[in-house]
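What follows are several structures.
What follows is a pair of complexes built around chain A, which joins chain B in one and chain C in the other.
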Partner chain A sequence: MSSKTRDLLLTNVLAVAAGLTASGLLLLFLGANPLVTMGTLFGSLFRDSYTFADIFVKATPLMFTALAFGLPFQANLYNIGAQGQFYIGSITAVGLSLLLQGRMPGLLALAIVALVSFLLGGLWGGMIGWLKARFNANEFLVSMMSTYVALNLMNYLLRTFLMESKAEYPQTNPLAQAVWLPIVVPGTRLHVGFILGVLACVSVWVLLYKTALGFRIRAVGSNKDAAELAGINYKRLYVVTFFIAGALAALGGFTEVNGVQHMLVQGFNPGVGAAGIGIAILANGNPLGMIFAAILFGALNVGGTIMGQLSGIPSSINELMLGFVMVFVILAYYVREKLEDRREKARLKKAASL
Partner chain B sequence: MIELLARTVTMGTPLLYGSLSEVYAERSGVMNTAIEGIFLMGAWAGFVAAYQSGGNLAIGLLAAMLAGLLTAALYGWICIYLKQHQIVTGTAINILALGICAFFQRVIFGVPVTPLIVQPLQPIALPLLSEIPVIGPILFNQNILTYALFLLVPLANFVLFKASLGLSIRSIGENPEAGDVAGIRVDRLRFLTILFAGVMCGVGGAFYSIGYLGMFTITIIGGRGWIAFAICFLGNWKPLGVLAGTLVFGFAEAVAILMQSRGAGLFPNELFIALPYILTIVLTVSRRSFNVPATLGVPYRKEG
Partner chain C sequence: MSAAPFVELRHISKYFAKVIANHDVSMQIRKGEVLALLGENGAGKSTIMKVLYGLYRAEEGQILVDGQAQAIHSPKDAMALGIAMIQQHFALVQAHTVTENIILGLVRGRYDIRRYDRIVAELAAKHGFAIEPTATVGDLPVGVQQKVEILKALYQNAQLLIMDEPTAVLTPQESDLLMDFVKQNTRAGRAVVFITHKLREVMEVADHIVVMRGGRVVGDLRKAETNELELSRLMVGKEIHDRTYVEDVVHDSRPVGLELQNVSMRDPKEDVFRIQNVTFQVRQGEILGIAGVSGNGQSALCDAITGYRPVTAGRILLNGQNITDRSVRERIRLGLGYVPSDRQRYGLILSMQLTENMFLKRSFENTWVRRGLIDARKLAAYTTEQIHAYDVRATGPDATARSLSGGNQQKVVLAREVDMGSQVIVFDQPTRGLDLGATDHIHRTILNEKKKGKAIVLISAELSEIFGLSDRIAVIYKGEIVGIYRNRDLNTEKIGLLMAGYTLEGGAAYEQQD
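Coming up: the complex of A and B.
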């Protein structure tokens, strides 16, 4: 293990621990014993296979949204709109599933739904990249705002075209079982989407480090002007990168709708976009690392929810843990820079004394 | 129409606090990407302090400023002194702010049976001025936070372009090395600018809770911090530019509120709610001549 990898693992483990400690200390304000409560959090994860499998269920959409931030990040682009792209995928998935179910074999319908969600999410995301390429529009702002547009689009559709037949709540009819994503482990909610998520992470890793496109993405990220001089069409790259990012986030919406919810409810999964950013930075931008980071966040999510049910801790503990962990992970970046600095200086000193 | 324009000024007020402060922050070379979280902290702290003090809004405002200051200090410490990534840090702090507000709202108030409200800031009709036809009811029947801006905007413009403090702030955003050589302590001035931005954004956030609605919900800001952030870009990093920008967005919000209260018309409500966000995208796309501060978002690292 190189000293850099060791630094990365060590500082990040400490950062997560510090983040959890900070959130735990705040539990004192509720008169709860942090040690006992945190013990409940982690203990409850292993209480039965259903709960344990739920960690991976929760990790599934997070892998997709982490990639949606992490891939453009490699090109020095900021996609803060994964939440909206996730919603576009969810809307597409639920609408199309309701349309196709019963008219064709379930697996065929699922394949079409996945493909169309992927494409529409890609177009939604690709639009951001196109606006940046064509008009030099700030992608950070546009992607941020596109989330609010997608949210309102979803709310509108849930009130009108997609609203349940009972017309009581802003939600859709449940999907027929034929278009549910198959369960992988019987007796749990763990569905094929998790495997898709892992495959997506591996594919993006291959794309980034083993293909010419990935090389170009990283080249634009490290020095846009040099990349342009070397003949890389960075404008087209903006569109392609954002297309893939949007498409991946939308796939996350598809797996969540067809794999877990089996319907679309107003305001569901509001934090996946932001959590995705946290996961991407915890993994230091490495798509393979995002698998593990997403599982960690999934575990915190499941544990936090159970903690709420068992001991009346408000669900905002989830945002607290996420926020604190992210802040400490950023501090860990600083610590790593300092460690690397010190090693560099030691090397120089050694070289000078020879 | 007059009511609509009056509401434009009201709804533009918090956005102007945010975007004015963002102009200063970005001119010094630091994006305040924690703006959404600082708005939320301001809204929450302002409400809690006002509620607990039996409706004392001055105490609420002070608390909002303090909350904004502290949040900005954390952000500034990480981004300016520890030189970490501004967009990533901002995202982290925004989530943390969400968690802290939601968590402590519960710690302090439990699950209240009746909605918690305070009497919000009341409009004060300025004598004589408010009786001028058209302009009077639009500009001179507002609350004190709006009036404060009548002084703050010209002052901000003067300081930024005419005073030596403004020159220093702009110079460290354009060329921190030169500023450093000229004896400006770059990181310290950037940090102070961010603290100022935190106080202003705290007030901006408090406007929503205790200046307007008289209550707090966790979705009260709902992206308006980001709109203020966008206005800074759209206003070309100038106090007068962001003044124009906030009026446009204030108008969009005023129209949205009016249309929602009128109920279902030809267009769905959601379209009007989304209007300010769509407007941001359209304006971001169509606005060309940017004078982006040269080192915006880049931490200053001394050689050697």
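Coming up: the complex of A and C.
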């Protein structure tokens, strides 16, 4: 057990290091000194509290989308549509906030907005689960395509009902300050959404490992046949699991709109869904691990943005770095399997020769 | 015939990720001899032969063929050396004809199928097999499919034929025919390795016997110099206690625990009946044995009773209550326990801990759930208790099911199902693949549950198990119950005929019960 934990930490640290090294090598081709550039990157992360807090701001939506992938994954379901569910939450949040602001106290409005975003995202996600349960539709494809539906629904609304009063750009009016999520650390952008994200991760962990419902989700994911013979209705669980996943991703949209953007702009945050998948894998599916993995991705994100601002380095270095880290993290998973296998064999060989 | 051996295995060791499969195994295989590889399930018999056949690579050791050291990396290499193996699960293309299966991989480009049909027909005739070369393999009974496998090996002029548990899928009569073939084949100067765990077969067919236990060779003897008692001692490591059935009580006065009335299940895809018109009663405190060759509707019967698949006709009653349309979950709640034959697929969640496997069927109850949360301590305490009660060899309640051996896995399923099945328990092949120690433990448990007054259905392909435990015996053939008898009214010969689809004289089949 301890050697397993050691493997997990060691391989993941090495994977991140290898990812950074590989991106560093590419910097060489650009004629930049990787050591200096990386040094600037990490130095600048701690340069001021605003930049440092931004790591957690960036991590916030990622925790939600990671859960949206990670929870169904426990039921052996693939939710590739977290991006779309995130957008559904964003649309709901911005539309409802604009409607409610000024008509009631800000906190009450926020609570209602959060709840409705959660429910609508849940319905959106639950629909995918229902299609899977009812027609055995491939949830991978349905969820993936549902992102495009959500995206274009958002684009449509931004040019019609939700379009700003000036009617110039496809974006909404800014939200009144009353419906902004409160700032946690003054002088930074760090808002309550981060705490919500951490709470969501902890809640999903409790759900999975401490409740009967979560147990059933994992049972269906590990052995559907045995679960079915134990009286578990896996079809109902498909719907429930996708409902929770969609609701969580939508909550991520809510925190992003009411916490950071304070409006909705066409095509915003296009990578949170994909990054969420990577984070869930990096955390080995463990919701608590996703908190830390999301923070790591947040840091790479902020660092990459800073790096992109340096002269002579393209801003795409950001995605490149994340991509490299992802590849090595996935490789690390297989390395761990191999190590475990080899240990087991050595143990048996020893036992046999006694 | 004591010339140099055709094949010699020297000090072969093979480890899998989880088990020692073979340790320092050596043996010699000679032409003109039948070598019986005897041992319990899991003793490493199949593994060592799969090493020889090139399916597995050994960690240590040497293989010599005709005195030459050989590296066998694939079945193709083995075939080139004249070694063929017939697996327990046949490697046949169901949709192809007999000839097509036999020449598969051995012809290139354009070929004249009728010429090969003739060659196959001649080969079959030469060995006394009644096989139509143009028949589609999927339409043939299992016993004939096995002959196609054998023909495939003979066609490639195999000098050594390895047969892995060849009689497992055969009726007693078919087995006899197979034995005859094996003897005739060795008389023709070829070698046969016969893998089995049945002593009777060994004594009938073998010239030379290698006994394996726990991945090692524990005995290497000539048949003429040994006897069944010695072999069984070697195989088990201790003497078998003869546990024949003594009690002969008529249970007719007791209430009926489980009743099936004209139950049929039609496979919607294949449009055939998986079971048809099955009717029986099991009374409380009674064991009804269901005998039959595997694949004659046993799994459909389980599906029907557990509610895993809907029946297309008939009624199922549990303690007089109609449960035909009840869900799996409701049937469990009413006290139906089920020990499935494939425990790894249907009985356990291998990646989960023993505690979680115990919780599996109780996730809807409040036994171990308090204020919405699972009471881990209570569950662990219960699991520990069960581990001790059933003598499960595990590191603790938090061990994963996967880390346990087959016998211990089955004990876990048994512990749970005995607890869940307060009224009726269905055992489907409860001792399949287990060593005698575990088997004995399970038999004791079944008899104990019967004493408690539960109605028990015991499905098994092992006749000794059926005869040893059942009060009454039903024989299933092609999805139909061909007769239900008192235990004492049947013997091996009679049941063998019934299992092969014959009816007993006097029209005793379909005997009505009161």
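Before moving on, here are some points about what is shown:
The working rule: the second predicted complex is superposed on the first by the 352 of 354 C-alpha atoms of A that agree within 3 Å, B and C clash if a C-alpha of one lies under 4 Å from a C-alpha of the other, contacts with A are read in each partner's own complex, and residues count from 1 in each chain.
Methods note: a contact is a pair of C-beta atoms (placed from the backbone, for glycine too) under 8 Å apart; a residue touches a chain by one contact, two chains touch by 3 or more.
Predicted, not measured: the structure shown is a model, and the values here were computed from it.
For the composite obtained by overlaying on chain A, chain B and chain C can both be accommodated side by side without a clash.
Touched residues of chain A, counted separately for chain B and chain C, are more numerous for B.
In the superposition on chain A, A:26 contacts chain B only, with no contact to chain C.
Within the superposed three-chain model, A:228 lies in touch with chain C and out of touch with chain B [touch as defined at top].
Once the two complexes are laid over each other on the shared chain, residue contacts for A:160 go to chain B alone; chain C is not touched.
After overlaying the two complexes on the shared chain, residue contacts for A:349 are found with chain C alone; chain B is out of touch. In the superposition on chain A, A:211 contacts chain C only, with no contact to chain B.
In the superposed model, the vertex angle chain B-chain A-chain C (Cα centres) comes to 70 degrees (nearest 10). Applying the stated contact rule after C-alpha superposition, one finds that A:341 touches chain C and leaves chain B untouched.
Of the two partner chains placed around the shared chain by superposition, neither chain B nor chain C is touched by A:109. With chain A fitted onto itself, chain B and chain C come no nearer than 5 Å, counting C-alpha atoms only.
Within the complex formed with chain A, the residues of chain C that make contact are 13, 15, 17-20, 23, 59, 215, 306, 308, 327-333, 338, 340, 345-352, 356, 359-361, 363-364, 369, 372-374, 376. Remark: chain A residues 206, 210-212, 215-216, 218-219, 222-223, 225-233, 341, 344-345, 348-349, 351-352 touch chain C in the complex. Listed in rising order, the residues of chain A touching chain B in the complex are 23, 26, 29-30, 78, 80, 131, 135-138, 140-142, 144-146, 148-149, 152-153, 155-156, 159-160, 271, 274, 277-278, 281, 314, 316-324, 326-327, 329-331, 333-334, 337. Considering their complex, residues 74, 78, 82-85, 87-89, 91-100, 102-104, 106-107, 222-223, 226, 229-230, 233, 268, 270-271, 273-274, 277-278, 280-281, 284-286, 288 of chain B touch chain A.
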